[in-house]
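In this document, chain identifiers A, B and C correspond to the written order of the chains, with residue numbering beginning at 1 in each.
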Amino acid sequence: MTALLEIEDLHIRYGAVTALHGVSLQIHPGEAVALLGANGAGKSTLMKAVIGLLRPHAGAIRFDGRSLATMRPEHRARAGIGYCPEGRRTFPGLLVRENLLVACWAPAPERARRLEAAYALFPALRTKAESPAWQLSGGQQQMLAIARSLMGQPRLLLLDEPSLGLSPLLTDEVIARIPAITATGTAVLLAEQNAAKALSVCARAWVLQTGRVALHGPAADLASSPEIRRAFLGG
Amino acid sequence: MRHTPATLVNSLALAGLAAYLVWSGATQPNYPLRVLSIAGIYGLLALGYQFIFGHAGALALSQATFMGLGAYASGILALRYGLPFDVALPLSIGAPVLLAAVVAAPVLRLQTHYFALATLIISQVALLVAVEWQSLTGGANGLGGVPPIQLLGTPIRAGWPLLATVWGFVAAGTLLAWQLGRGRLGQAWACMRAAPAAAASIGIDAARLRFVAFLLSAAYAGLAGSLYVHALRVVSPDALAFPVVVTCLTIVVVGSRLRPLGALLGAVLIVQLPEWFRDLRDYSLLAYGCILLLVIVLAPAGLLGTLEDWAARLLPTPTPPTPAPEAPSPRTTPNAQRPVLEIRTLSRRFGGVQALDAVSLTVRPGEALGLIGPNGSGKTTLVNLVSGLYTPDTGTVRLHGTDITAQPTWRLARAGIARTFQTVALVDDMTALDNVALAVDAPAIGLLATLRTGASDPAQATARAQAAHLLARMGASDAAMQPAGSLAYGIRRRVEIARALAARPTLLLLDEPAAGLNETEQADLAARLRALLEDGTALLVIEHNMAFLAPLVDRMACLDAGRLIAEGLPAAVKSDPAVVEAYLGTPEPAPALQMTP
Amino acid sequence: MLALQLLFNATALGAAYALVALGFVLVLNATGAVNFAQGELVMAGGFVALALDRLLALPGLALLPPLLLIMAAIGLALALLAYFPIRRRPADTVFISTIAVGIILANGANALFGPEQQTTPALVGTGAWRPGGSESGLVIPYQSAATILVAAGLIIALHLVFTRTQLGRRLRATAQDREVAAAIGIPVDRMVAATFMVGAALAGAAGLLLSRSFFVSPTDGGNYMLKAYVAVTIGGWGSIPGAVLGALLIALFEVAFPALPALVPALGPYGTGFNQVWSTIVLDGIILLILWRRPQGLFGEAVRVRA
């Protein structure tokens, strides 16, 4: 099976700081993969590089066998990569409905259908459809951000720390939607600090530690590994 | 620092300008000399504008108002009271300075776009007053018959004497601007512009320095206005109309925002431009706008800055030797037996999020406390509350027993709290040494202190010696004479810590000092930080990296969702079940597909 | 009846100001930068109308569509020359580059049309409508009525585009978070360029509306610029409804101030003080007071949320 997303030896620098040192990973169509690590480990950096908000210093990113090097973020999004940023970043002045519509490039009837699908996935959004996004609670904003990133029917969803700032209950609720997303054939790359929760819904996982891959493998193996604790809390 | 490419460019430019002026004075008839004298006056105006726009970084649109006020003061004093130019000069300079001081209080603290608007409105009112108060100002036509410049009873003739007199004032103004801009005051302004939070963290009161810059700009404008009215022999509202501001802005943008010589070159160029393009008639001013736009887009450092950049690329830059290190005397604290820092039930809410919830912590002298917690747990909020960036909703912060809750950062810095930033905040085009030296006795930097110093500044020499010592302590001696922007990340971190130490803190707040460092660098940094504790400096360290933190600190505290969930010895905190859960999440799998309505 | 007449006059003036302020705030939101050439764009609109009139000799209203197109092209040129090359530099750089564009526009107009004040064609005709007959005293010039209708039409059309179309939603999304907008597929550079085009077109339309009654000359720009800047300050920096409200308030003040002695008999003895000069000085004083005491604008946080 060929990989949907293939990252090879990715290096990224912010000015003088090296944020990623040679990270490689692969995601296959329709699978959920966890990207774990404490903050500052490089998870968001990797996500931003895949969608094109950061330019790699070295290394390759291929989507569907095609190099993304010269593609601008908007073209990557239209090519089938959905991005749900860290900290949600919904458009505060747009209505919930508009936040969803704005991310959809299909003709009007199809747009209406996808809007329905988004409301079906997150029913809370339907009741708030005509409210501006800034009025939503943190959990609702997170759902909106995820739903927005699904409006283009991506083949790959980059989900950057959906648990940030949410209560454990809400985190569970958001993370519990991931199997429903992969069931539609969308692969998910889930960046999380909350290792246990992420591992419970993902098939495989990569663990980053200060910009390097510390370990990777099937989620079930990692969940019971003492290594993962060391990666987060040190020796 | 004698023969850098930049000084070479400036010397050549100065020689060229001087030669051009002498040649013009000797060979040219009165009209071109008059234009060149006006250029000198605009040079003075622009020198002043460099203080507020270049050094303080505030887009003031009121420079013409100050010039006009100086012009009217001098003109009216001459016509009504027969006061000659030189006798009236203190008043012609004093009037705009006074106006600047009065409007500064409400205006100077505004953000860029509002500051620009406020100064624009003030200029509009000034222009209206000049046009409408006819009994005093002569209205739209102004007042004619102003006598020529008179110095010690001698009237100055048109032609080369006028040129020499005006440019004599320009030379004096340039020298003063150079003296003010080159030393510690200039560096304090640079820090305030490039890294305002860092400037406050070493005790620089940005509001005061901006005020100084504003007054200086008004003083230069007053002098320029006074010369202008006696050179033109009339005073009219043109002197305070918006085109003067545009010309002044253009001169500084085209010449240089910071270099005094750039203001002069810009003035000579821009003021003479319409004369040179005379054949184009109506299109000459069009060319003017195009040149301004081109320079903004293509040469953001201005002509002089661009020349300096070229020279720096072509010629080798000698690195001056690092000054001999000298240890600073330690700070004596009145209440050495009290805890350094006492935080009591500190809370802060942002919108719907309780970022910090009744947290209490104590740091004792010579102790290192580590603060951990997952992303968004409130660590940075805590540091920002302690260092004065935010005000708490409830709770108190005490330093050596003194309540310091909600004090501005620069005051806290003076009281003994220094900090570093998550994203290193240094002034990139200053050397590492000067970045650190600036923090030595930064509160003493000011206008009067700078005026008192001669060719070399003993305070700067001492500061650099101490900075060299601190850089050595942090293991960054090799970087001392390099521009901070060119340094590797790990070194920048060390320079930043050295700068914090230069403020002689009793408490040092470190926000993720190990981020981006490799393991060798981390171990080295930890050892150097431990050495600081022996001098009695207390540390409060925020860090995710447990391997770095655990051996460094005496105690650890863990925040989660704004609350303190564990405190104690590092080993105990690390294995505390609540901490493990906060970091790794609940061991049970998430409940599948369950939705709360 | 006088009050009614004043209110009508203020609405006509305010409607035109609102277009200028709207163009200013749209560009501000999309780029985070002040477009200091906005006033010169109003002036340019007046001269473009003049040129079109000489070419086509049609009533003013018919000139509006070609005028909007030409102004949009000027807006695009402004974006390409003075914004895109320097968009990664500090915001005050754009402030200065647009001052340069303002100089170019003003002196270009001066070179092409001369420094005199000129007047543009009437929108629909030069007559006036007198509801209630001559004894009521209420006069509604066709020009003012058409000004209100054109401005209201443009504002409503803009509102519909912004709320009902995908393009409008994308323009708003771009203004609110450019990075995320790009990451969900929106071509942000094109959206920003489009915003400059809309901003310039609105300013140009205001130029056509204002230059009949108030004439147009190359040095008019600064005055209109200040109006837009002040309207946005009063309305709350970045607020679109605030900008419209602010523009209407400024116009109301400008129209009502000279008439105050007639409205309030007690002010009669000071009648001569209620002139243009004091109007400007008092308004300036109020703005400085707002900047000092209420920098968030008059309408508070609710309007401030960038919609």
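We take it that contacts are C-beta pairs under 8 Å (C-beta built on N, C-alpha and C of every residue); 3 or more make two chains touch, one makes a residue touch a chain.
Remember, it's a predicted structure, so these values are computed and weren't measured experimentally.
Taking the mean of all protein Cα atoms as the centre, the chain whose own Cα mean lies nearest is B. Simply put, of A-C and A-B, more C-beta pairs touch at A-B.
Centres computed as Cα averages put chain B at a distance of 36 Å from chain C.
Centres computed as Cα averages put chain A at a distance of 43 Å from chain C. The geometric centre of chain A is 40 Å away from that of chain B, both derived from CA atoms. Multi-chain contact residues of chain A (touching two or more other chains): none found. Interface of chain B with chain A (complex): residues 352-353, 374-376, 487-489, 492, 512, 515-516, 518, 544-550, 561, 574, 579-580, 583-597.
Per the touch definition, chain A reaches chain B in the complex via residues 15-19, 38-40, 123-124, 137-138, 161, 164-165, 167-169, 171-173, 175-176, 179-180, 193-198, 200-201, 210, 228-229, 232-235. On the chain C side of its complex with chain B, the touching residues are 34, 81-82, 85-86, 89, 91-93, 95-97, 99-104, 107-108, 110-111, 222, 226, 229-230, 233, 237, 277, 280-281, 284-285, 287-288, 291-292, 295. The touching residues of chain A, counted against chain C in their complex, run 51-53, 72-74, 77-78, 82-83, 85, 89, 91-94, 98-99, 101-103, 105, 132, 134, 148-149, 151-152.
Residues of chain B touching chain C in their complex: 59, 106-107, 110-114, 116-118, 120-122, 124-125, 128-129, 132, 242, 246, 249-250, 253, 282-283, 285-286, 288-290, 292-293, 296-297, 300.
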